[in-house]
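Below are structures written as structure tokens.
Across the two complexes that follow, chain A remains constant while its partner is chain B and subsequently chain C.
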Partner chain A sequence: MTDLLALFVQQSVNGVYLGCLYVMVALGLTLIYGVLNQINFAHADFVTVGAFAALFTATRFATKVLGLPDTGAYLLSMVAALGTGALLGLAVNAAVFAPLRERGDELRPLIATIGVSVIIENGQLWLFGPIPYQFDSPFSRETIRVGRIFFSMQSALVVAVSAAAIAALYAFMKFTFLGKALRAVAQDRETAGLMGINPNLLIAITIVIASALAGVAGALLGPVLVLTPFAGASVIVKAFAIVIIGGFGNMQGTIIAGLLVGIIEAFTVQYLGSGLIDLVVFVLLLVMLVVRPTGLIAERKEENV
Partner chain B sequence: MRVRIVSVLIAILVVAALPWLLQTPYWRGILVLCAMNVLLALSLNLVLGYTGQLNLGQSAFFAIGAYVSTILIKSYGWSFWLAALAAVGGAGLLGLALAAFAVRLRGHYLAIASLGFAVITYQVLINWENVTQGVRGIYGILPPVRSTIGLFYLVAGIAVLVYVLMDNLVRSPIGETLRAIREDEVSAASLGINGAVWKAFAFGVGAAIAGLAGCFYPGFVGTLVPEAFNIVESFTMLAMVIVGGMGTMIGPVIGAIVLTFLPEVLRDFGEFRLMIYGLALTLVVLFMPGGIVQAWRALTGRR
Partner chain C sequence: MKLALKTAVLAFAFAALGAQAQERVIRIGVLMPISGPGSYFGVMGKEGIDLALEQLKGSVSGYRLQVQYEDSACSPLQATNTVKRVLEQLKPHIVIGEECSDASLAIAPILEQAKVVQLNAGSVTMKLTESGYKYVFRIFPNGEQQGLPLGRNAYTKLGARTAVLLYEKTNAGVDSADGFEKHFVAAGGKILARIDFGRDVNDFTAIATRIAALGKVDVLPTFGLEGQQVRLSQALAQARVVKGGGGNAVQMGSIWLPYGFDQKAGAAAEGYIRIVQFDPTEKRSIVQDFIKAFRAKYGADRVPTHINAHAYDTILLVAEAVRRGATDSESIRDRFSKFRDVEVTTGRISFGPNGQTTDLSVIHFIETQKDLTWKGLDW
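Moving on to the complex of A and B:
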């Protein structure tokens, strides 16, 4: 019985660790949806670009050129991934979301970003080839043991970084003027504009923040993922499931749903096999769409960012 | 009316002449592929272009058509046409299942639900190894007609037939009903249109046509693996419809032809077929929202 309990706790710990990573990705989607009412289909591809940027920063630049130790190189690679994600966000906003916003069609930006996703994935295929990359984090080697539960230093780092990022984002939204302005734009773009807020600038800021989060998530996910140019396809599937389950545009809901999906994934791997993860997650998504399409936490507009 | 009959006759003549213009087996193979893509683009256009429902799950119906027909032929010894009938029916029924979601969901939610539909189908094909052989795939599948030219005439003939039937459908009151749902579902409902029934109709018919295209795919390639029905195939169909011009009859046909031949013409980039699709999709949405058809109309000054 205690074995079973230990296993249960162990898998829950693994699940929370995965869940934290998914929350970072899904929060970006939710943020953009909250402010812009649009989906960036290429969002998860920013995660893979971030992962590749981190990988090459750590292995080619930080250790070889700067002569940093492994741990320092990995931490620097996270910064590089953050910057890469932010740049991608800036680019996708300038190229797709900003020009299409005036035309006011609901589905065109989504379709355009599907194209962007295909471009990024196949661009990476061209640059990096189809063979999976080995992304070793120096923190994966150290294991921490608490009672009968084991976890790697990497997973502790992941939980710490994502918790910090989520807390910072939350504080930004709740307590800063810019965050308040963002929520105002989310509630009513035109009225916010009348109050002297520049909605276009705020939308750009939101997309950049969301994409930077995706980039960092890439640096953290890199050692977990099978890092191929198409890794984003599997991540976007889970991110969509999380935002739908949590309620689109709802931050708290997304965090809860992200952890939930992480835990479900951990238990699916344990009991059903890793091949069935996408299947289980998306069946859950479809059930959710039928039973409760507004998500776990019903939409309350004023907290919708 | 006369114009339409003449254009159909011209289309039939062009289709008949094509294999004699492209003599090598390679190009004749591309022709078969092109005819299949035309069918797929037509099937998606009915749902996306005429009914206004962003369906990212079309690859699932293509897959069902391919797998159901192949398994019935190989494991149960059915004849091709009987198996094709069952496969088309199966795909149509699955389309109705997706329509059950479309009745409740709109816009982005429907897009994600339909994407989920395609992901689940793809995962079932991989994991249900007893029936589908999983990633190992099914080998040695024979086409219904042995020669490539014959297969091309068969699929292209069906594509022309589907085109004519769908052209009549969208001109009929049913077509107007579908367009009314696309423009404004609430107003359509206030005119007494039952949105649920007609969305189900569009999804069902669209899925059945995609399933029909799927029946010819395994025999043409000779093998059947789940990878051929990755969700990205839904995006290639989307690209064909958007690039050609959605919501017009001829647009998706042009889109399918252009996007089948463009990667072949740009041989050096042939490996990056999907890259071309992605670029075409994004650029057309950004700079040419009505696709090739609208651009052509603007150039020739016709509406």
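Moving on to the complex of A and C:
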């Protein structure tokens, strides 16, 4: 393999890994928008909660109480993060989103997500303090080498979990009754209600799934981030950009946009400089808004989510 | 009855005024990052200051040292808002801080206008003491002072001829990189690339890949906060660039990282050579007494970091100024400007005409060993 080709493949691998991380964060955002037509500004904090849940499960519970080895502890921590995210979503929906939705106002739930974000951030600050936590995944220490190409076990895990999450979500939407009902709610909430579907239950399920995805994203991001109660904020802006580039509420668009942004980021580092990453990504966002405001995959309600 | 009441009120008012006149206080505002990725600076800084105050029993020469801590979060905006509030509420005679260069630069003109001394212990940017401020004093070696030994020693002691500069996109990062480049190139070295990164960068694999593709790199001067440096070192090891990953390049750094970084980075940190501002193996009694007191207060297993030490030193310096007759901001400034060879835990302090310490005894080199301990280098 020539040097140039090896470099190209290596940066592509790096980009796919980064892209998968972004997709994991962006999927929940796009799912909620697709069904509820609502932006969840607290999504970053759901990711951070997932990261902390994973950290404490791995370092305090799984290793010290259950006596699991590091790898088992980390895998268990992902399950804990998923559960914590789901429970958080359930609680926030029941306490905040559902009552506000019943009033039929679209703006209030949106503002409420900002409030939820502030409460979660400050709650975590109170609980965990401001000093960054060190969250090491045992998979980060293992490097896989294929010829001249390398990647950590952690990146392989990120790609595998992202692919599994996407596949599971796709299968759920496409082949299960609940998934079909969810798509019906996304298409027309009132008509779906007339057909015997309970839109509120379906919306609650959507928020729980999105929050669970955020939790898992937190477990995967924890070993990458400088983990503080505000850690999620460092990826959420890019996740929003990905959701917009992909086509708000469109899952396929989000996946393609996430991978695209990850790969662009890796090549920007290689050829332009890492200091220009944000500039390049947001120029791309602006170009998309001008040239194709509907996003990579144009919004067709029935195909969303 | 009315007369009695008036007399009582007057007596109370006079008593209060008298007490106020008798109370002699030096008010010290402390601006530190207590939240965010630089919060380790603030937490460690507070430990050092608390210890110094405890040892002084809170007062010097009849003056009570009143300290008010504020979180400025390494952020210019937050530091600006905080310092304005502190000036209004506390009316300090001196402000210690900030640790981060951008935040320190942001508060300097405000304190200059208020004629309040700023004593800085942890910022590297040249601009802080090169902008003509009369109330700024710094005990931390600036970018040039750190760049000189780093650049020269990389060339002469390590035999390095090529370098890639890695630095966060802040005044501190840029000035540190500039300082190294100037002296490394002057010695005959070549800079292969300058790679900057924002504080929001989480994954450094792409950067490590780029460096690996640059060919033979001898040294990697790295300037960033601890959390990012841990990830960066691990990515460089994974790409087999640095010694810790089986490569040849040596990572070098100026005073950014506390002790404990090596354990966090793991094997990737092997061979990392960096400057520290505080050497706990120094035999000077002030150093050993400080370590003893620090361990007694915070735990026998703790080794004070340079952040603990330089924060502790700031209070020693304020106390020394008060001992020499300082009573307010103006006289603190006057006493500081006359400081020559004042001994503190990090070394000796002599302020130059621009308020920058000129004594480089505060610079010590250490190298991370295979077992992640460190040893001092006699450079």
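Here, the second predicted complex is superposed on the first by the 289 of 305 C-alpha atoms of A that agree within 3 Å, B and C clash if a C-alpha of one lies under 4 Å from a C-alpha of the other, contacts with A are read in each partner's own complex, and residues count from 1 in each chain.
Convention: a contact is a pair of C-beta atoms (placed from the backbone, for glycine too) under 8 Å apart; a residue touches a chain by one contact, two chains touch by 3 or more.
These figures come from a predicted structure and were not determined experimentally.
Once the complexes are laid over each other on chain A, chain B and chain C cannot both fit and instead clash. Using the contact criterion defined above for the overlaid structures, shared-chain residue A:G15 touches chain C, although it does not reach chain B.
By the document's definition of touching, of the two partners only chain B reaches A:V290; chain C does not. In the superposition on chain A, A:L110 contacts chain B only, with no contact to chain C. Contacts of A:E190 after superposition on the shared chain: neither chain B nor chain C is touched. When the two structures are aligned on the shared chain, A:E102 is found in touch with neither chain B nor chain C. Touch criterion met: A:D278 reaches chain B and chain C at once. The superposed model shows chain B running into chain C at a single listed stretch; among 6-14, 42-50, 114-122 or 132-140 it is 132-140. When both complexes are aligned on chain A by C-alpha atoms, chain A residues 125, 275, 278 touch chain B in the first and chain C in the second.
Residues 34-37, 39-40, 43, 71, 169, 195-198, 200-203, 205-207, 209-210, 213, 225-228, 230-231, 234, 238-240, 264, 266 of chain C are the ones that touch chain A when the two sit in their complex.
Considering their complex, residues 33, 39, 95-96, 99-100, 103, 106-108, 110-119, 121-123, 125-126, 233, 237, 240-241, 244, 248, 275-276, 278-279, 282-283, 285-286, 289-290, 293 of chain A touch chain B. Residue ranges on chain B touching chain A, taken from their complex, read 54, 56, 101, 104-105, 107-109, 111-113, 115-117, 119-120, 123-124, 126-127, 231-232, 235, 238-239, 242, 272, 274-275, 277-283, 285-286, 289.
Against chain C, the residues of chain A that register as touching in their complex are 3, 7, 10-11, 14-15, 17-18, 21, 125, 130-132, 134, 136, 140-141, 143, 150-152, 155, 221, 224-226, 228, 230, 234-235, 265-266, 269-270, 273-275, 277-278.
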